[in-house]
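Each of the next two complexes has subunit A plus one other chain: subunit B in the first, subunit C in the second.
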Partner chain A sequence: MRFLREENIPLLLHRLSESATVWAPQVVRDTVNTVLFSPWLEGAEVETGLYSMLSAKELVLPATERLFSYRYSQAGGREKIEINADAPQEQAAIFAARACDAKGLAVMDALFLDRSGASYNDGQYRARRSGLTVITLACTTCDSACFCSSFEKGAAETAGSDIILYPATGGYLAEAVSKRGEELAALDLFRDSSLEKPELARTAKVELAGLGQRLFDIYDDLDFWRRTAEGCLSCGYCSYACPACHCFNIFDEAESDRTGGRFRCWDACMFYAYTQESSGNNPRPEPAHRYRNRLAHKFSYYPLNRGEILCTGCGRCIRGCPAGLDLRDAIRAVRAR
Partner chain B sequence: MEDLISAIKKVLEQVDVVLGWARSEAAGVAAPAFFHTPAEAEGAIFDSTCVHNLAVHLPRLADKKAGIVAKGCDARSIAQLIAEGIIKRERVTVIGVACPGVIDVKKAWRCFGFGKRVSDSGGQVAMEGKTVKREEILLRKCRGCREAGPVIRDVTVGEVGKAPAAPADPAGIRKRFAAMSFAERRQFWQDQFSRCIRCYACREACPLCFCRDVCTMQAHEPGWSGGATNSSQSWMAQLVRISHMAGRCTGCEECERACPVGIPLMLLLEEQNAVVEELFGYRAGSGTEAKTPFLTFDVNNDSWEQER
Partner chain C sequence: MNTVPRKGTKAKEPFVPELARLIDVIEETPGVRSFRVVFEDVAVMSAFSFAPGQIGLMGIPGVGESTFAISSPPSRRDYIQFSVMKTGFVTSAIHELEAGDAVAVRAPLGCGFPVDSWKGKNILIAGGGIGMAPLRSLLLHLLDRRDEFGGIRVFYGARTPADLCFAGDRAEWERRQDIDFIATVDRRQPGWSGRTGVVPDVLESERPPAQDTVAVACGPPVMIRYTLAALKRLGFSEDRVYTTLERKMKCGIGLCGRCNVGSKYVCTDGPVFSLADLGNEI
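After this line comes the complex of A and B, so read on.
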């Protein structure tokens, strides 16, 4: 294990920023304690006391990204169209991601970078992901929205991270969990240490076993779903904050009558428009239908199809829900039904 | 709390559901609750953590008779909804409560952390031994609150009659904004809206937004504000929403509270509300019979033409 002294943190961030954009949780200026991962500038304060409102997923799946641009031109009396694909080349590092954020990246890797080739291998995602270094801050404390201990490894999860920093007296114990992490830990900012890892946070738990089938069993019980989703305002915050939600839509946008581009943008199954069909029919007209889908996709369809739950227990959907809904209450209600 | 619980139980005899608050065990503060039975109503609470404006649910319950626990500011939304014919007076029973002002949950998180059980008495908010003056962590809207009590109410719980005495925010962002040049303001909003992720929590938390599922911000044909979240598009989309709130916004601040990325939407709405009040002498939500200035246009009686 290696050790990083507290006062070396700015030096580490500085070092990283020489070759990459460094993202870190920071309080947004002019706001009341709104914490977001945002590009770190020299001297800026990193916020590790409050959790960020959004996960780290925007680094690999931005809220909006251009896939290609187009340009019409006249050549020899004929209309020509020129298409230029965007190839992200950003080098980025995220500092003080949490184990739940990093695990979210691993969950998305399995979907976007299917190495078996059985499904899609996304070039845009791959480019961003391969340029990303993930420096995770291990949680020794948690709040009551956290529920990562519901999963096998809990706060000790290492998937998706390159290096993990464990809080210790005067600094952080550093454990490399990837080749890139080893290169980082080899920097002269770190020194060897024989300290023991601290005890990690143990969060509230919600029982997830058997949920996959249970959700199928009660699929048609619309009264139950109406009751469960009763307070839901049907906004997209939970989906957009979620480290594992990954739905997107594609938009073609013109910049002028001759130029424009194709964009990939986040989308959320909590929106009415998400399932609006051109016929006029909408198979999920009520928030209840949409809430059911969101829960079942996370805890039933996706795990049954691909072996992984689309949730890492980060608790953002609970902390930030404008309507004060608690996903765990819904899970408990499903189990009790 | 006994008075509130018995009031809710009484109202439940005549309605299908009562909207109120119950303690969220996870958050330690209040969460909206739907009381269908007297047994459920036992969990009802009202304190300074009851921040949500429950009026947002009323249009969605149009096929039901509903009761609702309302603070002064919430009652303005209910009155405006009735005045606009969005909900029917006879289908809603308002339980007006005396409000001490509600706290900004994000300020409380900073003081106590998320999920610590709050107690609130005598102007002091306490969590696990730590105490903060309620006044210090109030929501912005509660500073300079003008509500002496819920403007519309069928049942009253507690002693209403005076607005919570919190001085208006003197060094607020609004004052600083007023001193900016137009170029600076433009830059300010470009920066703010660069964070917008288009989750539409602002729209969904607003009791007066009624287009909902067919919102222009998400329309595909024509795509008025596009799908790509760039700062200008998001700003434009929000300005469309806000301009439709002229003479309708009651200043409940729910859009700003719901915004996960902290865009100061009330800066725009407060300014607009002030202009409407100055020009038309109208404050949205003043009464159930009030006519919203922009809903009074009559093509056969164009007084503007005549005045000219």
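After this line comes the complex of A and C, so read on.
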């Protein structure tokens, strides 16, 4: 194991910023304690005591990104379209992601990087992901919304991370969990250490075993889903905050009558318009249909298709739900049904 | 899944469409036009192949793109046809286009009908309205390979005679002796000498035998629901009934999330499904 002294953190961030955009949890200006991952500038204070409202997924799936730009021109008396694909080449590093954030990346990799070769892969996601270094801060404490201990490795999860920092007296123990992490841990900012890892947080738990099958069994029980989704405002906060939710919309935006681009932006499966067809048909017209799909996608379909649960227990959807809905209550209700 | 997997380049950025040009626009009904498309790149055009039932996204950069079934058969090598109902923002803009205009296309996507596994069987096709578009591709393909299959019966329904697409093809299908083609409209209209009644009702009154027969149904959601129920009553087992579904789609490649029916994605696992594939989640 290696050790990083507390006072070396700014030096590490500085070192990283020489070759990458560094993102770190920071208090949003003019707020008391709203924390978001955002680009770090020399001298800025990093807030590691509070949880970021949004996950780190923005680094691989920006809230809005251009897929290509287009230009119309006249050629030989005919209109001609020219298309130029965007190819992000950004190097980025995230400092003090949590194990749940990093695992969210690993969970999305199973789809976007298409390890199975069964579908198309996504070049922009791949470019951003391969240019990203993930420095994870292990959790020794948690709050009442956290439930990562429901998953096999809990707070000790290493998937998606390059290096894990464990809080210790005077600094952090550092454990590399990828080749990129090893390169980082070899920097002279770190020294060798024989300290033991601290005890990690143990969160509230919800039983997930057999959930996929239960969801399948009670699919048709719409009254149950109406009760379970009761109060949902279809606002989409849970999707935006989630480290694993990745649904997106695609839209065109013109810059002039000759030029513009095609973009994608985050979408949310709880939005009515998500499945609304122009004919008027909507296969998921009620919050109940949408909530059923949301839960089933996370705990049944995605595990079936991609071998991963589409949830990492970060608790953001619980902390931030304006209607006070708790995903864990829904899971317990499904299991009790 | 017992369907034909898509062909397509994986190396290429999947969101970047191929540039194409309209060579012909055909008015099918007051709300439906068929657009015949040719890729600008000759190599892309000559390499293009697909299975009936596969889909594509056609669009206009600056407006957007939408998903359509390919309505021409694979044997047409000189163009690809999409039949488009004017319904929303993108389809209204597409309806403004004329021959010679530039469009952008991503195709083929999804899985087509497993036609090769139907060899020697009788085939029953039930289409409603614009749902006939993928079935036109299928039927013309079956006719290209006519001697490989048993009896072919086609039921095609629309609200009124004016809403029946593919007038030229229908005349040919009615004339042919080697298929049994029935067109029907919901309500009797002056000048209409054909059948009256919705497709599921006509189907049940004709009582086509289910033995050694594969059934394919495509149409608006209500038509599909009743047609599938009718086929079930006629004794068709779930693995012998195919449908091709339509959902709101954006990415077309199984990433953006919205077109799923249970754990299956209409854009990649479908749009062709057997009822056995869909289970209780249709």
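Just so it is clear, the second predicted complex is superposed on the first by the 331 of 337 C-alpha atoms of A that agree within 3 Å, B and C clash if a C-alpha of one lies under 4 Å from a C-alpha of the other, contacts with A are read in each partner's own complex, and residues count from 1 in each chain.
In this text, a residue touches a chain if its C-beta (ideal position, glycine included) is under 8 Å from a C-beta of that chain, and two chains touch if they have at least 3 such contacts.
Remember, predicted model here, so these are calculated numbers, not experimental data.
When both complexes are superposed on subunit A, subunit B and subunit C end up sitting side by side without clashing. Once chain A of one complex is fitted onto chain A of the other, the partner contacts of A:Asn249 extend to both subunit B and subunit C. In the superposed model, A:Gly236 lies in contact with subunit B only, and not with subunit C. Judged by the touch definition given at the top, the superposed model places A:Asp220 against subunit C, while subunit B stays out of reach. Of the two partner chains placed by superposition, only subunit B is touched by A:Thr64; subunit C is not.
Using the contact criterion defined above for the overlaid structures, shared-chain residue A:Arg126 touches neither subunit B nor subunit C, since it reaches no partner.
Looking at the shared chain after the overlay, A:Leu36 reaches subunit B, while subunit C stays out of its contact range.
After overlaying the two complexes on the shared chain, residue contacts for A:Ala323 are found with subunit B alone; subunit C is out of touch. Once the two complexes are overlaid on the shared chain, A:Phe263 sits against subunit B while remaining clear of subunit C. With both structures placed on the common chain, the touch criterion links A:Glu79 to subunit C but leaves subunit B unconnected. The gap separating subunit B from subunit C at its narrowest, counted between C-alpha atoms of the superposed chains, is 5 angstrom.
Residue overlap on subunit A between the subunit B contacts of one complex and the subunit C contacts of the other covers 249, 251. The part of subunit A that touches subunit B in the complex is made up of residues 28, 30-34, 36, 49-51, 53-54, 63-64, 66, 143-145, 204, 230-231, 233-237, 239-241, 249, 251, 253, 263, 265-266, 268, 271-273, 318-320, 322-326, 328. Contacts from subunit B toward subunit A in the complex involve residues 24-28, 30-34, 52, 56-57, 104, 106-107, 109-110, 113-116, 173, 195, 197-201, 203-205, 212-214, 218, 220, 223, 226-230, 254, 257-258, 260-262, 264.
Subunit C contributes residues 8, 10, 13-17, 19, 59, 61-65, 87-89, 91, 100-102, 104, 220-221, 246-248, 250-251, 253-258, 260-263, 268, 280-281 to its touches with subunit A in the complex. Subunit A contributes residues 67-68, 70, 72, 78-81, 83, 85, 111-112, 119-124, 219-220, 246-252, 254, 260, 262, 264, 267, 269, 274-279, 281, 283, 293, 296-297, 300-301, 304-305 to its touches with subunit C in the complex.
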